[in-house]
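First the structure, then my questions, so here it is.
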Amino acid sequence: MNVILSIAKTTVGEAIRRRVLLVILLIGVLFLVIAPGLQTLSARQNFAVLTSFALGIIQLTSAVIAIVLTVYMIPNEIERRTIYTILSKPVQRWQFILGKYFGAIAALAMMMALMSVAFFAVFYIVQPEARSQIGNIAKGPMMFFVQMSLLAAVAMLFSTFVAPIVNMFLSGGVYLVGTLFNAVFQTISENDQLPGLVKGAAGVIYTVVPNFGQFNISNPLINPGTEIKGETLFFVQLAGYAILYITVALIIAVIVFDRREV
Amino acid sequence: MSLAIETKNLTKTYKARGGKSINVVNDLDLQVKSGEIFGFLGPNGAGKTTTIKILLGIIYPSAGTASVLGRDPGDTEVHKRISYLPEKPYYYEHMTGRELMLYYASLFGIRDAALCDKLLERVNLSNDKNRPISQYSKGMQQRVGLAQSLLNNPELIFLDEPTGGLDPIAHIEVRDLILQFREEGKTVFISSHELSDIERICDRVAIINKGEIVQQGSLDVLLAGGSTEVRAESVSDSLASTLREKGGFTMSYSSGVLLAEIPDTVNQNEIIDTLRSGKANVVSVIPRRRRLEDLFIESVKDDNVAKGRKLFNMVDKGDQEEKV
Amino acid sequence: MKLKRTPLIATAVSAFLGAGLLNTLVTGPHYMDQYPRALGGNATENLSPDQLLVTIAGFREMVAGILWVRADSFFEEGNYDAILPIIRLVTWLDPRQLDVYATGMWHMAYNFTDEESRSDRRYIPSAVALGREGSQNNDYTYELFFETGWLFYHKIDDDYGQAVKWWEAAHTKKDMQTARRNILAMAYMRNGQLNDTTRLYRDLLTEAEEAFEGDNVFTNRQNRDTLESNYDNHLMRMVQRGNFAQERGDFDQGLYDTKPPFDVRFSARVTVTDSKVLQVEGTWGVQPVGSRIRMVLRDKDFPNALPAQMVWDQADRVDLDPPKDITWVQDGLFVRNQRFNRRIDLSRDPTMYPFRSENYIIEFYYNPRSAPPHIQDKFGFNGEGMTDQNFLNTEIRPGTRVLYATLEITRDQLLRRGQYALDRETPIVQTKNFVAPSGAAVNDVLEVPGIRSAQPEQPQARPERPRIPPTRTAPTSTGR
């Protein structure tokens, strides 16, 4: 456990110094700061547009960070040969993978917390009458963090067998599909004219591809008067889903990486 | 004497494009005794790093066996007792030398800042230990690498090209450190093509070419058999032809100057006597020990790469002698 | 050291199955509850790829906002066809955009018209469906319940039970505006639930009085005064029209404005003067202005047609493209001097009036419940004071005495084909009692029946001072 923690700590230290990540983070924060300028879009729903936009920015920025951060994590260690100094020590490969993973999500958590704080500061200033909502809105980034943890696990799994650039597109693609497929699946499953095969395939994809979409709870958050039915239970279920899926991804990553010649 | 490393028929095969298999390491039998400094030589691409990775358990052999300190190479118990300095490593550059040491120590489960400081002092990095590694010179990086390789007080140290790319002073510092390891009773496994270093510090060597061992043994034995260079002036043509008829050694003769290279197996005194009695003026008699370089080139001479190296080394020779 | 793979793989497989099941059975469906459904229609097809991408990336609400801004410019340009897809899309992207639902319903119900400003009522079922979807998706607020009710009350102006149903639902919402609440009383009235009207006015008045006592501000005073006046008017009308007497059972013993029933003497003739051009004329024996007789010309086999209306909430999904092969013409025939005469030109709107069917029905319909108060003062809330020798109907609107007459007409007649070609026979369909006007008896005097009305057969009897109909004080519209 100490070994995993040590590796995670070092990973965080490295991640928060990576310039490309900091640049992405900076762009995200900039967007959050200019977000109030978009309020003219909808006179009646300032609150909704600002919050929706900000949550969207946080999600998008976090996803890019999660992917860029994770895809290079193991390949970099190999390229710099630092992995040899680690694996020649009493460190198991699974400990290495787990350490890297926990480091990645800890770094992500820090960056997402920073973005959220920036957003809430902006929100506090421009939406004085809705300040009491901040606590509620904070659930959005929290669920995004769970989503990003899942994304990082998937990207980490891919990074054990594909090159970083390929992995960026692969993870990005899976994320896109996983985010989009919710709505598509709904449309497909309710369309009576489609052949059963298509529906079956949709069902398989729906089950296999991580369902990233369901971690986006922006809609109930930005619409006053609406709330998620059985919210706490739903969050627990979502977290459970994420943990199960992360477990799967990490186990496969460990198995692949264990046999991999580095 | 027990063996620190032993391999039997160790083979590592990679599938190349088109399904062709390449044996990067082929049927390798190595024996490294405890407490010795073992040189592992070979041209680039001979399979040195692959062998080390197998011995560290980072990759797995395709055939054959390897044991390190009597156990499987990948064994965590083994890893507690060995250490490794990779070729041209890049450490986590955001860390200071000291942080890096603490990090690596923690991977051994060691929480001992004093030990880290002591080791940094030992590699002369006390003054720089709080600077980030990104500001370190190559030599300093190599030294911090050496320091980290001592964290667990290892019985066996793998050094991959430990002096590669270092300036002369750093080179000497590293070499001296390795010599200290021997005094501490550690087994050191050095992979290098810096022949002069190996020759100076190693007890035994193995020469590997194209994945196969071509020479293995103690340096004293391998380099046994030298020659003597005799230079004489005012040598008459008849005297020269007499000597040429005698045979058993190589000589050159032109306008009264004769240069002979006489192996130890031939009676040198007899030739010198012959020269003297023929009124020739013997200017110099220089005994020449056989060099590791010669052995190396002999061992890999059928190799095109090695041939190129030979040419290079001939040009280079003067330099090396100056250094010596 | 190599890992023991079997237990790892077993764990991975079971975790994977667990995740799949959790997703498919629990979290997935649970999540979709947060994004209420659009009722039918593939909304995404109208998104450009970049918009779709942005949408998927979690900016649904923002894209919805931008699209709505674009829709606004289409409204200004009058490009109504472009608006519907946007409305559909916006409500799919962000099912909480109340304005978009409300505007969409209004747009579908009111803005698709022919050259003579008759609405295309084939859109109304979809407008109702949009209202149903919007209110389901936003059942925390009264707004879309109110809007849907308004569609029945004002645009459909019939089927008042639906208005009552929707507005009663709106009343259960916490945010229901005080000023909008008394319109339910009007809906009760038109639906024949007079006692509910009384009860609601009384309750609202009590509330308004309490509110005024609690906070002596102008708006509270105004609200109380309005309700007081509405309540008074209502009670007075119930007395005057004999409703209380009916309940007591002594209606026959008193004199009421609604007694005896007034014969409206309806007759009608439809002449097809040109292809798809109708001249509709007839009689309506009521002197006062304000009578408007509904005329419907529709396919005889029009789907889900009912007498003088259709099943307005028949659509289970919002259809941006209502069936274009069926014909429904609906118009109001304005009565002046006891006659109506209107030229209806349907030739300029072939999409709205395709005339594909062979046979058509022309319906004439008058419902006293829709009548303005000064007419109701004679006809009663439910037509108690109205009759017609030929066309009184007490069946098609249970509880109401309405006028309902039908004529049949063929496609050839309407299009003037075959034997009805322009140089041949002019198609004329008419009620049996239709008598062509003599042309002499044009009477421009507007008469209002008195409280104690004389024989209705003598409408030229001593005219009384016209009563000024009470202004409807209830704020109704949302201000459009």
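All chains are identified by letter, namely A, B and C, in their written order; residue positions are counted from 1 within each chain.
Simple rule for what comes next: a contact is a pair of C-beta atoms (placed from the backbone, for glycine too) under 8 Å apart; a residue touches a chain by one contact, two chains touch by 3 or more.
As the structure is a prediction and not an experimental result, all values here were calculated from the model.
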Between chain pairs A-C and A-B, which one is joined by a greater number of C-beta pairs in contact?
A-C
By Cα centroids, which chain is closest to the centre of the whole protein?
A
Roughly how far is chain B from chain C, centre to centre by C-alpha average, rounded to an integer in Å?
97
Could you state the distance in Å from the CA-based centre of chain A to that of chain B?
50
Multi-partner residues of chain B (each touching 2 or more other chains):
57, 76
By residue number and range, which residues of chain C touch two or more other chains?
1-2
Scan chain A for residues touching two or more other chains and write them down.
92
In the complex, chain C residues that touch chain A:
1-3, 5, 8-9, 11-12, 15-16, 18-20, 22-24, 26-28, 30-35, 37, 42, 44, 53, 56-62, 65-66, 68-69, 94-97, 99, 138, 140-141, 175
Chain C partner, complex, touching residues on chain A are 38, 41-42, 44-45, 48-49, 52-53, 55-56, 59-60, 92-94, 176, 179-180, 182-183, 185-187, 203, 206-208, 210-211, 213-214, 216-220, 222-223, 225-226, 228-230, 234, 237-238, 240-241, 244-245, 247-248, 251-252, 254-255, 258
Please name which positions on chain A make contact with chain B in the complex.
2-3, 6-7, 9-10, 13-14, 17, 80-82, 84-92, 261-262
Chain A partner, complex, touching residues on chain B are 53, 56-60, 76-77, 79-80, 82-92, 94-95, 103-104, 106-109, 145, 148, 152, 158
